[in-house]
Amino acid sequence: MILAQVMGNVVSTTKLSVLRGMKILIVQPLDGDTKAKGQSFLAFDTVQAGAGDVVLVMDEGNSSRMILDEPQAPIRTVVVGIVDDIER
Amino acid sequence: MILAQVMGNVVSTTKLSVLRGMKILIVQPLDGDTKAKGQSFLAFDTVQAGAGDVVLVMDEGNSSRMILDEPQAPIRTVVVGIVDDIER
Amino acid sequence: MILAQVMGNVVSTTKLSVLRGMKILIVQPLDGDTKAKGQSFLAFDTVQAGAGDVVLVMDEGNSSRMILDEPQAPIRTVVVGIVDDIER
Amino acid sequence: MILAQVMGNVVSTTKLSVLRGMKILIVQPLDGDTKAKGQSFLAFDTVQAGAGDVVLVMDEGNSSRMILDEPQAPIRTVVVGIVDDIER
Amino acid sequence: MILAQVMGNVVSTTKLSVLRGMKILIVQPLDGDTKAKGQSFLAFDTVQAGAGDVVLVMDEGNSSRMILDEPQAPIRTVVVGIVDDIER
């Protein structure tokens, strides 16, 4: 999993039917100091995250399909939690 | 999945028979501001995307094989949607 | 596996129920000279590692699920050892 | 898959018996303009590619094992086609 | 697979029991000209490689478990050969 911040979401009308109804977020990876680092990517939302939220992103297909209880869905990356605090 | 822009396509006459008839696109990853970032790569087309289109790219083998309903095909990366808009 | 140093941990109240009770560490990858290099990421703890510890991190889902004996858990990255010494 | 150019090949006498007889190429990734970009890596040859050829490289284990019809072979990366032209 | 050079090895007393007795090498990736490039990582040894050796590293879990004949071991990255020569 990585730390990331939600930047917005993507609207796509031609995507596969199995993906319809799912919210696709654009997320920016963060380093341990919550500074942006690395390339943004897309993730499905499971926790009603909104723009600006710092979130936990799972980036493995098998794990993501387990989380969504969709063993056959073509899904790799999912937002699985909203971060309340970072302790160090 | 990531956001990417279609740059063109590759012509290869010696590729594996299982891959014949599939259109192989060159796609350039984009960041959340739709600026090019990172290294271009190849993806199979499923949505009749053309050069210049901003697209959703699935980059996991199991997911891609599910999308194409080809559980045995040697395919990892597939264009699965054309992006109409980005909300932030 | 990679070498990494523990930087702290993340507190998230809305994460998936299957992940509750697990400690999520922020880890910074190190090169062979134990200097920070590359982007930090998150890993589940299995060895009671604390901030500052140099650790071994397993970053493959199948391996991580085997380590935790949780074949169905959505887990990809796990701290599996604390490093005592590096020989060269 | 990615675009890459063949740079040469590796000779290794102590490699695993299952890998004997296979030609291991050094390939350099290319961007969409066929300029070198990113780090070179190793790939098994399936199309008699030679130094200087621009090739299609499959970089997923399950796909590569399907291509070689070797479901049990420890193989991840395979050259699967020689590129004749790039259209844009 | 990638080309890499062995830099040393890691000593860890708290690692998982299934990993005890295995030698964990620190390896530095090399480009096609055998210059260091990219971030070092850890790999299990199968060929009695020592510091300074240029080696072939397999970096996929399923392949690595096949090589070690340990279908259940939490292992992703293995040194599988020592390089004698590079032809170009």
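Order of writing sets the labels: A, B, C, D and E. Residues in every chain begin at 1.
Please note the rule applied: contacts are C-beta pairs under 8 Å (C-beta built on N, C-alpha and C of every residue); 3 or more make two chains touch, one makes a residue touch a chain.
These numbers come from a predicted model, not from an experiment.
Common neighbours of chain B and chain C, listed by label, are A. Overlaying chain B on chain E by C-alpha atoms takes a rotation of 145 degrees, rounded in steps of 5.
Different-residue interface: chain C and chain E share under half of the residue numbers found at their contact. Separating the centre of chain A from that of chain B, both taken as means of CA atoms, is a distance of 20 Å. Chain A and chain D have CA centres that are 32 Å apart.
Each of the following residues of chain B touches two or more other chains: 62.
Taken chain by chain, the contacts form a single closed ring in which each chain touches exactly two others.
All the chains close into one ring, and from chain A toward chain B their sequence is A, B, D, E, C.
Contacts from chain D toward chain B in the complex involve residues 1-3, 29, 31-32, 37-38, 46-47, 56, 58-60, 62-64, 66-67, 80-88.
Those residues of chain E that touch chain C in the complex are listed here as 7-16, 19, 24, 26, 28, 39-43, 51, 61-62, 72-77.
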